[in-house]
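The same chain A turns up in both complexes below, where it pairs with chain B and then with chain C.
On to the complex of A and B.
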């Protein structure tokens, strides 16, 4: 039982990381229809930001975190400005921005490998390596920190979309781009903000997960795959879907590793099988997108 | 008729080059020919049919592993092993393609990405059958009619593979089917309205190009005489995509130009920047998508048109 509860905390924490990556996809996909495969590389960049600021310069955790996320905001904004906006303004085919971002994925990764080399680099956890026990439920500080931060991020995102005018303009663009533009919503600003916000969320995932996996220039792609698997499970239409999908994926993954009689290497295939099954049986995901209300 | 003469001359010239090369150059040359073969197939899938699939290199791997396993573990004779290998690729391609065509937009990319990753997981966990992380090695091509096909003669096999792939794709492209593929790529709704069966077109394009990739994989298996999971990872399918886009997607000549350029570039660049040529590829890709969506072959067309006018 203890073992199960401990696993529960760990799985929830990884699920939260997947959920953040899924949210990062969703923030861009929902208003623009673009799928940004470079999301995982954004997490990787932020993890290296964490390595430089927190490990090398030993800045206090909150200061380092704020600096990294500020940097990610700029990177997301610049990525949109340099590679996506020119294509949208030229009226390029819908595929073009996706390909440009795929190119950026390689650029980000290779720049980091050029700068930091192929070795994994340590990033410190928020409150050190302690263990927290709340009655029966126990886990590392970092696990609880990840869960708390993720829940706050999702609460904030929910508040943004449901209660603020800017958030409603996102939803309006998602439902009908043309109609939204005709109602005076600034499409450019929505797109810029979507990319910047997405980069911040992806960066957060990167800094949160890196104490466990270390910052490594190849860490992006697995995160990206887990993130979009979570997204597909939950459905691309709803913010809550990302959280739900992330948790389902992490539970399926970790419980298979722990309890199912398959070799651990094969358990790595669990998210992939889950992704294929969901794509085939329920491509809209578990939660349906909101339709325009009359 | 003229086309056959051109093909015969191409076969002679490309094979003759194979006989003039030393050991290292032969290796480079063979792999270059294989990359061109793959890029031609991927160009048909991505550039002409408009399917963003990341599974092309996976079928290359399936072909390579299949032939080795069928020959040396199942013990089939070579011709039968080739046929069974192709059949395997076709069946797997159908299994992926039939449900995947129901998926819209980038979902096909996600599904094939998952399929590609799953293949690597299976290879690594396949135990003695796939040789796990170390792969399979220490085998050689069985004799064909009592003859050992080695050295430059094996290069001739690769040349024939390349030219037959080219011919099949060229013919398909020039037929009703090729026009249907382009119509589906540009506007599925309009294509359906014109009486094109969109699902069938997509499934056939995916299956044919995947089977061709599988065949290339079978030939590759005896180039290095080793197959392992590292060779068939995701990196290479990205490279294939970059080749097609940089060369000029939707054009056969573009695929050839892209494959030659991106394959030879690392060899030229490595004294300058070591192993960081991937950075150059990424920048290339972004620049081409942004400024020259028709790729290098589009640039060439533009120059020729200007030259013609002057």
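On to the complex of A and C.
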């Protein structure tokens, strides 16, 4: 039972990281229909930002975090401006931006691998590597920090989409692009902001997870796959879906490893089986998208 | 008009001179090919080994080269992919190399052998540890001089003999080399009647190793062997191990000897036992460390030493062969014995005895223990 509760905290923290990556996909996919597999590389860029600012320059954690996320905002904005928008303006088919972003994935990864070399680099956690025990529930400081930050991000995102006019304009674009444009919503600005916001969220995931996994140039793809699986489970329609999907995925992964009587190599297949099951039986994910009200 | 002709004539002459001089240069050098991985998954290991090889060539050339000729190192990148590796080997053979050094992944080196076997080109890997490289393909032109996976575990077990471990845990990752190393460790443990009470895999890209470490903790082993080779995942394992308060001693494969652990696993390393092929107290090693540092400005470590020894062994064979004739070089290489290099314990020497083509002294690995975050002195030598 102790093991179970202990694992609960760690698994929730992992699930939160997956959820942030899933949210990063969702922020772009909802209004634009583009799937951006480079979100994992965005996390990696932010992790290296964390390494430079927090490890090398030893800036205070909040300062470093704000600088990294500010940088990610610019990177996300620039990615859209330089790779996606020119394609759309020239009337390229819908697949073109997805492929261009896959190309960016390679560009980001190789730039980091050339600049920092192949060795992993350390990124410090927010409050050190200590362990917090609250009665039966125990976990590392960083696990609790990841959970708290992720829940705040999801609460803010939910508030933005549900309660603010700007957020509603995103939702409107997601529901019907043409109608939204006719209503005077600036599609370009929505797309720009979607990419910039997505990069910030992906970057946050990168900085949060890197004290554990270290910053290294190959860290992006696994995160991108985990986040994508979480997105498929939760559904692309709703912000809460990303959180739910991330948590389900992490629980499935870790409780299988811990308790299922399968050979160690096979436990890795569980998330993939989950992905296949959801794609077959519930391709829209657990939570349904809101539709236009009649 | 006149001026135009003069100009043209000069250009042609200059061109001819360039051609002539490069032809003369090409004739005068001994070409050695190297297949490395610059962008793939082995990059982190292949590149430092390659750097050691590049330095060795530089050092040899500064001392007048080989057989009175300068050495030219032709480097190819195989991205860690077997098919590309074979193509790279073909390209090197076509450019007339006397020897090929493979420092990429084990499967890539395996595939490159198809070319060297057919073209009878001497070929060796100074760093790959897979036991099967010289046994799966009958290629008389191929040698392996890095320590084998099986030597790593037998050395660790020889160190642990008086500790009398009965029940142990094995933790690895899902990389090819991690799985292969795990297999050799498992076989050797079973041969010694040591029970494996928990066998865990931490896959590449995991965000925690808590569930695996909980299982190890529940199994309560006498010791935990780490056989994975993915550095970030190994750091993850160490972090969970400390966080969950495990106490069983850790014995790591040679991957734990890479200095990068001191930064990414800071505070987690004290007491971790690891097998290495590098003894900083050895005279040859000291000399290498000093001259490398003087030349490149960075302190070399074990991976650089593999590449350095690789080139030096090749150079030694070519010197004894007295020519770049492939058959003569093959015979000279096969008769290498008692060659003392940078790698291995104080008394270790390379040699291919009994027709074997694995040259690392099976009794030449060492065991070291982390003191704090620093790699400590050698505490045990050999596997006897």
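Just so we're on the same page, the second predicted complex is superposed on the first by the 293 of 294 C-alpha atoms of A that agree within 3 Å, B and C clash if a C-alpha of one lies under 4 Å from a C-alpha of the other, contacts with A are read in each partner's own complex, and residues count from 1 in each chain.
Everything that follows uses one rule, which is that a residue touches a chain if its C-beta (ideal position, glycine included) is under 8 Å from a C-beta of that chain, and two chains touch if they have at least 3 such contacts.
All values derive from a computational prediction rather than experimental measurement.
Undergrad: Based on the superposed arrangement, let me know which partner A:265 touches: chain B (first), chain C (second), both, or neither?
TA: both
Undergrad: Considering only touches as defined above, state whether A:133 meets chain B (first), chain C (second), both or neither.
TA: In the superposed model, A:133 contacts neither chain B nor chain C.
Undergrad: Let me test your reading of the model: by the given contact rule, A:225 touches which partner, first (chain B), second (chain C), both or neither?
TA: both
Undergrad: Counting only touches as set out at the top, which of chain B and chain C does A:14 meet: first, second, both, neither?
TA: Second partner only.
Undergrad: With both complexes overlaid on chain A, does A:113 touch chain B (first), chain C (second), both or neither?
TA: Both chain B and chain C are touched by A:113.
Undergrad: Does the superposition put A:92 against chain B (first), chain C (second), both, or neither?
TA: first
Undergrad: Of the residues on chain A, which ones does chain B touch that chain C also touches?
TA: The overlap between the chain B and chain C interfaces on chain A comprises residues 110, 113, 221, 225, 265, 268.
Undergrad: Once bound in the complex, which stretches of chain A touch chain B?
TA: Within the complex, chain A touches chain B at residues 33, 35, 83, 86-87, 92, 94-96, 98-100, 102-107, 109-111, 113-114, 221, 225, 228-229, 232, 263, 265-266, 268-269, 272-273, 275-276, 279-280, 283.
Undergrad: Considering only the defined contacts, which chain A positions touch chain C in the complex?
TA: That would be residues 3, 6-7, 10-11, 13-14, 17, 110, 113, 117-122, 129, 131, 140, 209, 212-214, 216, 218-219, 221-223, 225-226, 250, 254-255, 257-258, 264-265, 267-268 of chain A.
Undergrad: For chain B, which residues count as touching chain A in their complex?
TA: Against chain A, the touching part of chain B is residues 50, 52, 99-100, 102-107, 109-111, 113-115, 117-118, 121-122, 124-125, 234, 238, 241-242, 245, 276, 278-279, 281-286, 289-290, 293.
Undergrad: Residues of chain C touching chain A in their complex?
TA: The contact residues of chain C facing chain A are 39, 41, 43-44, 47, 174, 199-201, 203-208, 210-212, 214-215, 218, 231-232, 235-236, 239, 243-244, 260, 263-264, 266-267.
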